[in-house]
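Below is one structure, written out as structure tokens; comments come after it.
In this document, chain identifiers A, B, C and D correspond to the written order of the chains, with residue numbering beginning at 1 in each.
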Amino acid sequence: MKHHQYALTPPIGWNSWDCYGATVTEEEVKGNAEYMAKNLKKYGWEYIVVDIQWYEPGAVSSAYRPFVPLEMDEYSRLIPAANRFPSSANGKGFKPLADYVHSLGLKFGIHIMRGIPRQAVHQNTAIFGTNKSAREIANTNSICPWNTDMYGIDPKKEGAKEYYHSLFQLYANWGVDFVKVDDIAASTLYGTNTDEIMLIRKAIEQCGRPMVLSLSPGPAPLEHASLFVENANMWRMTDDFWDIWELLYQMFERCYKWSKLVGPGYWPDADMLPLGRIGVRSVDGGASNRYTRFTKDEQRTMMTLWTIFKSPLMFGGEMRDNDDWTLSLLTNEEVLHVHKAGYSARQIYRENDKVVWSTKDLEGNLYVALFNIGETTTNVSVSLNELDCIKPKKMRNLWDKTDLGTVEDRITFELKPHASIFVKLSN
Amino acid sequence: MKHHQYALTPPIGWNSWDCYGATVTEEEVKGNAEYMAKNLKKYGWEYIVVDIQWYEPGAVSSAYRPFVPLEMDEYSRLIPAANRFPSSANGKGFKPLADYVHSLGLKFGIHIMRGIPRQAVHQNTAIFGTNKSAREIANTNSICPWNTDMYGIDPKKEGAKEYYHSLFQLYANWGVDFVKVDDIAASTLYGTNTDEIMLIRKAIEQCGRPMVLSLSPGPAPLEHASLFVENANMWRMTDDFWDIWELLYQMFERCYKWSKLVGPGYWPDADMLPLGRIGVRSVDGGASNRYTRFTKDEQRTMMTLWTIFKSPLMFGGEMRDNDDWTLSLLTNEEVLHVHKAGYSARQIYRENDKVVWSTKDLEGNLYVALFNIGETTTNVSVSLNELDCIKPKKMRNLWDKTDLGTVEDRITFELKPHASIFVKLSN
Amino acid sequence: MKHHQYALTPPIGWNSWDCYGATVTEEEVKGNAEYMAKNLKKYGWEYIVVDIQWYEPGAVSSAYRPFVPLEMDEYSRLIPAANRFPSSANGKGFKPLADYVHSLGLKFGIHIMRGIPRQAVHQNTAIFGTNKSAREIANTNSICPWNTDMYGIDPKKEGAKEYYHSLFQLYANWGVDFVKVDDIAASTLYGTNTDEIMLIRKAIEQCGRPMVLSLSPGPAPLEHASLFVENANMWRMTDDFWDIWELLYQMFERCYKWSKLVGPGYWPDADMLPLGRIGVRSVDGGASNRYTRFTKDEQRTMMTLWTIFKSPLMFGGEMRDNDDWTLSLLTNEEVLHVHKAGYSARQIYRENDKVVWSTKDLEGNLYVALFNIGETTTNVSVSLNELDCIKPKKMRNLWDKTDLGTVEDRITFELKPHASIFVKLSN
Amino acid sequence: MKHHQYALTPPIGWNSWDCYGATVTEEEVKGNAEYMAKNLKKYGWEYIVVDIQWYEPGAVSSAYRPFVPLEMDEYSRLIPAANRFPSSANGKGFKPLADYVHSLGLKFGIHIMRGIPRQAVHQNTAIFGTNKSAREIANTNSICPWNTDMYGIDPKKEGAKEYYHSLFQLYANWGVDFVKVDDIAASTLYGTNTDEIMLIRKAIEQCGRPMVLSLSPGPAPLEHASLFVENANMWRMTDDFWDIWELLYQMFERCYKWSKLVGPGYWPDADMLPLGRIGVRSVDGGASNRYTRFTKDEQRTMMTLWTIFKSPLMFGGEMRDNDDWTLSLLTNEEVLHVHKAGYSARQIYRENDKVVWSTKDLEGNLYVALFNIGETTTNVSVSLNELDCIKPKKMRNLWDKTDLGTVEDRITFELKPHASIFVKLSN
């Protein structure tokens, strides 16, 4: 499928949600983009994504404010709030900001909610290029369970397709490279919104600009796996992920269940990395302004799982506040090589809270991650036979960049609770 | 419970939905009220109920028109559309019409949707007697699955209770005797809205006027039976009922399941009687302007089941078009006596499509209904022993008003498909 | 319904499960019967019930032993294990023991599992009074999820009805007054076994001896409430109940949901009372030989809820080990009067963890129970208006048997966590 | 994973179920094997599979006979009924028959039910190589919903693993190449039996003989896709498939949902092909001895879907009764090439009842199947652009082996109801 070409390796970048909730400003976006260009671009990091509510002038945290007015153009399309994104004034939209991000050698992404603004429906505003109005294409009883901004679109209505085309045409004009569509992959009210996913797929193809399509929120149901693969580049396996061990613990099961549905251009998504300084103006995840609550062991465990599974990596912290440790998690070339070049990752086994995964690259190297996700220190072990390789192998610790000698038969590590080790096996 | 006093026998009356959908006018309501006063009042019929959308000036059928403007007062309360209810103009509301109905010796009822108008929320209008506004009390993500007029109310918000009080105060001022609240007993999105049911119960108690409380739509879940009994007078056991055999067939199971939850003041509701001329301006039930599609056998079967079960009886047809047959179904004193005086009705047995119910009155008479709800003529039979009565009994056909001699041991009738017989057994 | 006559007030008695699990012996049953005759009979206690596995010679605790041989007669009917019930030897069954219990002025009950022994099916033994054999009437794929003794019966098979008749004929011959049928009211595999419930109802009617029918386990689904009322005298609202606060806490919600389905002869059942010495040879409920783990406050709270709701009362402890406190819970005539004479009990309100119930008797007395089921001391309060009574009332503490003066308007008590108070209001 | 090597292309062969139900004999198996060797082997057909109940001497049709005795060795392992498989007498098991099938250049498969015979549990027979007995390893309450032969195995019990090892050791000794395990991929009682799937995977690896592992029945839940891929070679997407259009219609949706989970060694399975003479001694599928009820159009539609999706192909008819038409469906090299060499098949689109699939081979050919699964003749069409290929292409009808000229832009065919066309596009 053509759209798989837009993300042949899992996207890696930055997203404003974990630090700024619904409130990020142009200045903050630019600041993080500059940081990425300077410190991370050379390692492959490339996306700068503005998350939800950029069209809401009065947003104050991660908590949604019901029924407030949003910035909208005459064609029922939301546009950036000029008080927060000054360069967008006078109908310029995100074009100036996207241009700036591009000038740094990076890519620019935005978040949208599926559907059409409720305010457009109640004001019955126009749909670009049609003689239809918002009221005529809204799906009368399709709402988001957690945000009051939008009604869904009824795909059977004349004008529905044109509305989505007009949206993505606008985004293409702005220079958007990545779109995270929300309230679409799962909904406690309606399940997966398959119709709108297909409308959006077509709108992207028609807009003439390649854009990575990311679907939220999760957990996206496995039942619709084929639909996600056929229409998107990434989709969330999980509800919002935060720096809470229980959520990380559950991710192992999620990754296992989705592990046969990972491939070039389609990436089940374990959600953003709540690392470094987060919660600056967000109160989600049961906390506020802080350094991540994950311990260092947990941070490496998370990075290792995301890497071997090939989840997209979207850093959630205010990057300009990164300390050395945090930066070290994002700049380990050997780990990032696995993220980029690994294929056919699989869980070798799970016995209660001992979990072993492996993957390989085209040069014949094998990568093995051993996890102790239980609450007591324990040995975790795997044999070369279980890994389907029998020759003695040289072993190297990827995070520590240290060589560990030769393995004849079996790898065994004593691991503290929540700790892991990530090794490379080569000839 | 006090509110059970408001309906010690199951309410019987007329409702505008089956004939006029969302469009009934004052003239039509008055015409039917006059017909009832003249022809039916003496048999006990008393409620005249205006169904949904009386606040929508442009309603044209039973199909809801999404997002259209509704008539509303300054306090976010819907009021009658003056073009349809001329006497309501100048802030009089339903008071003149209710007065007229009362002058005929009848009672007046209205239908409402739970919640607050979406237009009030988007305009952020005031809540009577508070310094709150609509946006502050709306349950941000609670909608009706089939109608776009309202948002639900969040009971935890300050002003929520006051809003419902202001509604029922208004209805009390109008002289309303019966309120059918919709989108509350069941919802494909949210199940039963228990919080708003309790808010409404309290609002009625506080308004100072007894009002029968009817909850829709169905099927109301048995799981919440105690809540319904504690808070309402009637609640729908079924989704909308129409003149379709399959729906009538299913009602036998529904009545059986609810049969232990019928008592003075609390009446599980089998929905309106789609008899006589219906569909005048309604397109629901897959048909339009017509005489009921039920055969005469089916009509008696329906009336017999509703009667023995003690469902409320709400006639759905344009009464002024009643023919003699239809009128005969509503004016059989012997049948209506069972409806009023029967107690402890129960299904004696069901064997596939043979069904037998019985009930009794305080004078010691026994009433037995035998149904053939299958597709072939068959004998349906029950013994005096199964009915827990052993003496020989005199038997009388209630619908035909004919005596059928003495029963020594067993009642047996040959019944055509969909037919039934309803008999009285006395000493 | 005739069978409602067999238990016009909720049954009260003793059951062997909580103390002896699957292992009770004749000696222990007789000892408890003698205790009841001497100490409790005058207060109304009357049933002595032998719980599960009385047909298993080698039972050792409450844990079921899979696939072990059971004592069975030539007609596929289980009979008492003679090593445990010596008087049953030589084909006498439970007759001698029942006779003894009757001689004490008490009634005798047994527990059975629905269905036919698997060993009968695999040996293909005979069915009494038919030319059918066990294999021909077994429901091939109907088992109990937690016990390997039985297969279900297929009601459509010839011989099925006769098998159940032969069982209850045998029990009638023995002199059984009460039958608790298990694996029938709920099953994690098959839901409620409605067919076998109806077979058993008929078998009891035909056996010529009135027997109270109790259905287990729970939670029996409300969906089938009418079926339970029509066919049984009591049915479990809950899975096995033990001396664990969380289970008692949940019972308040269960009682509320079933509160409209309590009446003369049909009693939703909150399960046995794990009071006094329990766990003698039972390891269920996560504990072994002990005095109940409930605090005194919790014990009164439990007794009060069971009483006002009119649950059957089946004491679960080894009665001969009762201390004074425990005995006092079973011999308070004023409380037992409410259990026997109360009607139309209802939950007046529940606000988080404050719960108030009331009931009344035919002499016009009102009984009110106020509960604090939260974790902090709090005031619980109710007004005479909420209780639908307006005159000043005299108030009396039922458990303490103390007068509390006159109530003008409102009752308020400060209650410790898990505590309650049970008062009588009279003129 | 190593076991994927055992079936790098989807298995194709014959299975006895559709024609002989539970009753096939050695003579019939040999006859079909000889037919295959002579007529089909050169096209790649290779498996001869004996379906269920080969251990039941008295099997008479496809209907299971409850609780009948089965042939079993001293170690609780079922063995062939010697009256049906004479060469198996004297403890030889299936070895002579497997040897014969091998001598024809074919492979030999058997069907088993998960678990241990109930008769072993009730007789408490031994487990090979252990001091455990059947009763000790049975999962006490795990049964098959539709067959009374077995209890499940409790993987936590000592001896459980050894029992499965002893089974597969026996099958390895016999020379079994393919095992279809039933009551394991889905169960209306217990869902997917993940534990026993993993036990069986390990038992196969340990037995030293490569065996293809096929899991039944369906529908296997997508939720467990990763488990199936990791442990099996094929698993049923569907409940039993028969020559009924509705079942074929539904298969399109099933194939779409599983289409991203097909790869070398793991093959979602659309079930056997009910073609030719079927129902010889089977009464399943609502019919008996017959030629397939599918029309010729439907037969090609089925073969085309199975082929392009790469479902295993297991012919269900008595092959010796094949007519020329039936044989032609199995011997079209061009179609079989797609089945063997196609990869990355996908549904291009589905619009109501128009469905288009495509796949490709490593030589760069594209294969397109257009289906009309509706009830009226219609045009079905797809553009080269939608197929992600833009050059003009030569088109060839695969079933008819006719060239259809050059396609410039779009393929369109008028298709009768239930008909399809299968074309090759090449440069």
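Heads up, the rule we're going with is that a contact is a pair of C-beta atoms (placed from the backbone, for glycine too) under 8 Å apart; a residue touches a chain by one contact, two chains touch by 3 or more.
Remember, predicted model here, so these are calculated numbers, not experimental data.
Between chain B and chain D, the least number of touching-chain steps is 2. Looking at chain B and chain C, not one chain touches each of them. Centres computed as Cα averages put chain A at a distance of 39 Å from chain D. Each chain gets one centre point, the mean of its Cα atoms, and the points for chain A and chain C are 55 Å apart.
Centre to centre, using the average C-alpha position, chain C and chain D are separated by 51 Å.
For chain C, no residue reaches two or more other chains under the stated contact definition. Chain contacts in this assembly form a single closed ring in which each chain touches exactly two others. Interface residues of chain C facing chain B in the complex, by the touch rule stated above, are 1-2, 222-226, 229-230, 256-261, 266, 346-347, 388.
On chain A, the positions that touch chain B within their shared complex are 64, 66-67, 118-119, 121-122, 124, 135, 138, 140-141, 143-148, 189.
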